[in-house]
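What follows is a set of structures to go through.
The two complexes that follow have subunit A in common; it is paired with subunit B in the first and with subunit C in the second.
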Partner chain A sequence: MQKGNQLTRKIIGRFLRAISVAFWVMVLSFVMIRVAPGDPASARLGPGAEKAAIEVLRKQLHLGGNPITQFFSYVNELIHGNLGVSLQDGVKVVDIINRTLPITIYLILLSTLCALIVSIPIGTYIGWSGKGSLVYGFRGLTAIFLATPNFFIAMVGILFFSVRHNWAPVFGYDNSFPQNLHYLWLPVAVNTIILSSVISRVLFSSVSETKDEEFVETGIIRGVGRRRFFWFYILKPSLAPTVVLLSYMMGTMLGATVILETVFSLPGIGRELVGAVLTSDYPVVQGILLYFGVITVLLSFIGDLIAYLLDRRVKI
Partner chain B sequence: MKLKSMSQRIRAWIARPGGVGIVSGIFMMLTLMILGLLVPLFGNRDDAFVGKPFAPPSFQYPFGLDQLGRDVFSRVFNAVGVDLGVAFLGVTIPLAIGTIVGIFLGLNRNKYFLSVIGSIIDGINAFPLLIIAIAALTYLGPGLKSVVIILSLTNWARYARISRTKAVVVTQQNYIEAAKTLGYPKWRIVLKHIAPNVSSETIAYALSDFILVITVVAGLSFLGLAARPPAAEWGSMIADGRNFIGNAWWIVIFPGIALCWAAVSLSFIVEGLSRRDRGV
Partner chain C sequence: MSEQPLVIIDELKIDVRLTRAKRLPIVDTATFDVKRGEIIGLIGESGSGKTMLCRSLVGTLHRRGAYIASGKLVFDGIDLVAAKGAQWSEIRGKQIGYVPQSALAGPNPVMLIGAQIEEAILQDKNFPKSKVKERAIELLNIVQIRRPEVVMHQYQHELSGGMKQRVMIACAIAQQPQLIVADEPTTGLDVTVQAEIMRLLLSIRAEFNTSIILVSHDLPLVNQICDDIVVMHAGTTVEKIPSKDITHAKHPYTRALYDSRIDLVEPKGKLTTINGQPPTVGSWPAGCRFSEWCNFVRDECRVPQTMPIIPLGPDHYTTCIRYTELDK
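For the complex of A and B:
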């Protein structure tokens, strides 16, 4: 009873921390437009803009009045699910995000799945065998993949698979299920290469640490079955750092997909963000930033939680 | 005699864990930097039109010519200064700010103040670096100067977190207690005892952060948000050559290799240092 109580308290504490971080994310996305040097409204309309037009835009961006009331009206709008409208074409920001976010999430989840399938066997095998030459090669190769920017890997991929062989389209997208894989497989492959380098490295080092634990020796002496041994004695105690890393990496991948979507012209949220930045479409940037921040905060909360459930030695 | 013992000492140093990585990393970095220094001095100007557009790599132009007939070789090495310079500023300024803020927080005892600043730091860190940089560029306007400003404004939070954790640990050490007992003034304890111990940790992180920042700067330029054409910068050169990749692969591949070269050499150094630190 006592133990269960402690667990809930820990989880609630961690959740409250996630909420407070989410709050600051919101404040940050609110503040950014207001602390920018110069007036955003006149910056967007250009030097020759009429005063009246600037006033209208300032009103549209809710830039009038004192900061405190501005903030409360911003929060109020947020609670009602209103993120404003795009300055470019008047479409609701929420609608833009609802249209583009699923593609990005689909891309990220697919890459994560592929990366797990690739990296768990590799990381476990190399960590378990610990053979010198193998470890050396593995470290060198993953170091190169990790240091290479994803857009360059993508360009090399395009050069080989699109230009030379015409196996992957360079742009375009189809929303229906089996067809979209045709457009997505190369971006997913690029993401998978980078992600599985990170994951397998972390898994490798935690497996080689776990290997030296006493309970592993006990398992060998007790003659535990092979499959049970690898899952309960090796993999499960080693997975916690990987899960924490994975939740962090999924946040980072939001950034990485911004570039990948631009390279492959995929209509995801990342390309929408870049487009909005280039046209100074403040409400869209603000909305997407808020979504990204909340998503990463949630992911890190979930990651910490799963890591704790897998291995109670982890601090949350 | 003395020379021999010197070379023996160097060999022994390399033989220790991580030595090969550190030495090859430094060697790769130096090559790049020396070429980055010499090519702008003696090679073609990066914006000069020297020949027929899309000329493939040849003896005269080892990396070929781009879509405007500019020498890719000299452009790639002219960009060394820009890319490494911007990344250097984008690492050292946050390093300094973050370390100082972290030490200050580590010494501070006000619970409410700490929790507010702590969650601001967590809030900034919640965003991936690339995302927050892209978003902030909306308001500052594209350009390399804005990139440096943004990195200074946001990246310090990561250093502050590391520095604060370490500062809390250091202040509990016995030698701080000893220094206090000896009656040293507070500024001396902070400057001579706490700061060096904390900064060793943040500088170690800065090295690996350098890799990230190089790719972020190049990535932003690739998106057209940092360096803009016709500036010689790896990311924008890759973006430039993107449309011609079908018939002129060299415009894209060589800047990309230079970018990888810089990042890989740093990652070899980081890897080597961390292996040396752990002694494996």
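For the complex of A and C:
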């Protein structure tokens, strides 16, 4: 009875911390874009626009005035679920995000799934066997993938699969579900390679640590069956660091996939964000960063929670 | 009684594989029997090969790159030197229970205590699933854990060192094995807890007639509950002696070990120690391995291969060729 309470209290505490982080992400995103150089009005009117015209537009867009009052009106709008409209073309920020976010999420979720399918067997097998030659080859190969920039791997992929064999489109996207895989499989594959290199390495080192632990020996001597042994004595005690890392990486990938989106010309949210920053499109930048922040915080909350449920030694 | 001993260890030699060509003897050689219902104390300093000897009994030498190089190892009529996977799975956990080193381990950290005990119980494929919980609580009662229903739903980090070790013992006796191998089960525990665990092992023996091999480096502690003591030094079993005779040991190393105890009841004034470092694996002296630290050493002790097993009684042997002169 008491134990259940303790667990709930821990989870609630962790959740409150997540919310407070999300709040500070919102504040920071508001401040940062305003500190950065650039002016939305002059960006919208283009180079060589008259000063007077810029001033008029600035007034129209409510860009003048006290930043603190601006912040409070931003928060006020936010509470009412209003992220504002783009300063460049007047499109609702929510619509922009709804259009571009799913593409990026698809990319991240698919590559995470593939990376797990690839890394778990490889990482555990090599960690458990501990064979010198195998470990050497594994370390070398993953080091190569980690040292190579993802756009380079992406371009080699395009040259091979798109240009030479025409198995993948060079650019474009289709929003409906099975069709979009046609456009996504190559970027997903590239991302999977890099992600698996990281994840399998972490899992490898956890498993090679776990296997020398005394309780593993006890399990062998107890005569635990193969499947049970694999889950309860190898994978489960080793998985927590991987889960935490993965949840964190999935969050940072939201922004980091901009490179892949650019190389493969995918209309994802990363590209949208870069465009908005370049034109000082405050509401769009704020909106996207807020989404990123909340998603990242939520993911790491879920990651910590799963890690804790797997292994009670983890602190949350 | 001409009953076969439960375990026969005869001139057992264990090597560890360093590289493809290089091997290092780590146990060389061990000789002793374990009778049914007998508690054997296996005593020695760190690096004397006691843990490796234990692993050979549970078939996990290969995890440390070691293997049985020669000699005899028989458990209940089964030749363990030649035992293969299928035979091992019949023996491990069912006929031989294992209690790990308390300082290093304990229960699996990602499983509830209850789940682990149930796992140990269900190694018997025919055990009725409906009675598993009942049996788990019964086992926890045997190892004298209070409030077993609560402990079943706890993880190992919520338990004290002594509780963890009780749980490990509960798992080890789940199948009522004929032999329990306990590798330093009380190292690092409170003195009072040590005594409780020892008492628990005694009561288990009394109830199930289990043989126990109790590994320790604490000779006075183990001497209180064991029938026989086997002393290991530098990979060799140098003496086997009934524990009641420990004060009349016939090997200088056993004497040195016993004399270097700290007696709290009757302080001796000066604490006896063995001078110098124990020999490290791979640099054992030729001849008697204790010769470099021994006060009785003569030239003939340094002749290579002089560690004959000299029987002194049914449960007593020494490997010291000068044992008759120890009391002079």
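The rule we apply is simple: the second predicted complex is superposed on the first by the 281 of 316 C-alpha atoms of A that agree within 3 Å, B and C clash if a C-alpha of one lies under 4 Å from a C-alpha of the other, contacts with A are read in each partner's own complex, and residues count from 1 in each chain.
Methods note: a contact is a pair of C-beta atoms (placed from the backbone, for glycine too) under 8 Å apart; a residue touches a chain by one contact, two chains touch by 3 or more.
Because the structure is a prediction, the values reported are computed rather than measured.
Superposition note: with subunit A as the common reference, subunit B and subunit C can be accommodated side by side. After overlaying the two complexes on the shared chain, residue contacts for A:27 are found with subunit B alone; subunit C is out of touch.
Within the superposed three-chain model, A:217 lies in touch with subunit C and out of touch with subunit B [touch as defined at top].
In the superposed model, A:236 lies in contact with subunit C only, and not with subunit B. After overlaying the two complexes on the shared chain, residue contacts for A:197 are found with neither subunit B nor subunit C. In the superposition on chain A, no contact is made by A:124 with either subunit B or subunit C. In the overlay built on the shared chain, the residue A:292 is in contact with subunit B alone; subunit C does not reach it.
Looking at the superposed arrangement, the partner reaching more residues of subunit A, out of subunit B and subunit C, is B.
With the two structures brought together on chain A, the opening angle seen from the C-alpha centre of subunit A toward subunit B and subunit C is 80°, to the nearest 10. The least CA distance from subunit B to subunit C in the superposed model is 15 Å. Residues of subunit A touching subunit B in their complex: 17, 20-25, 27-29, 32-33, 35-37, 40, 43, 139, 143-144, 146-149, 151-152, 155-156, 158-159, 163, 251-252, 254-256, 258-259, 262-263, 273-274, 276-278, 280, 282, 285, 288-289, 292-293, 296-297, 300.
Partner subunit A is touched in their complex by these residues of subunit C: 58-60, 63, 89, 92-94, 96, 98, 100-101, 104-111, 119-120, 123, 153, 155, 157, 168, 171.
Per the touch definition, subunit A reaches subunit C in the complex via residues 3, 213-215, 217-224, 228, 232-233, 236-237, 310-313.
Every residue of subunit B that touches subunit A in the complex is listed here, in rising order: 119-120, 122-124, 126-132, 134-142, 211, 215, 218-219, 222-225, 235, 238, 242, 245-246, 249, 252-253, 256, 259-260, 263-264, 266-268, 271.
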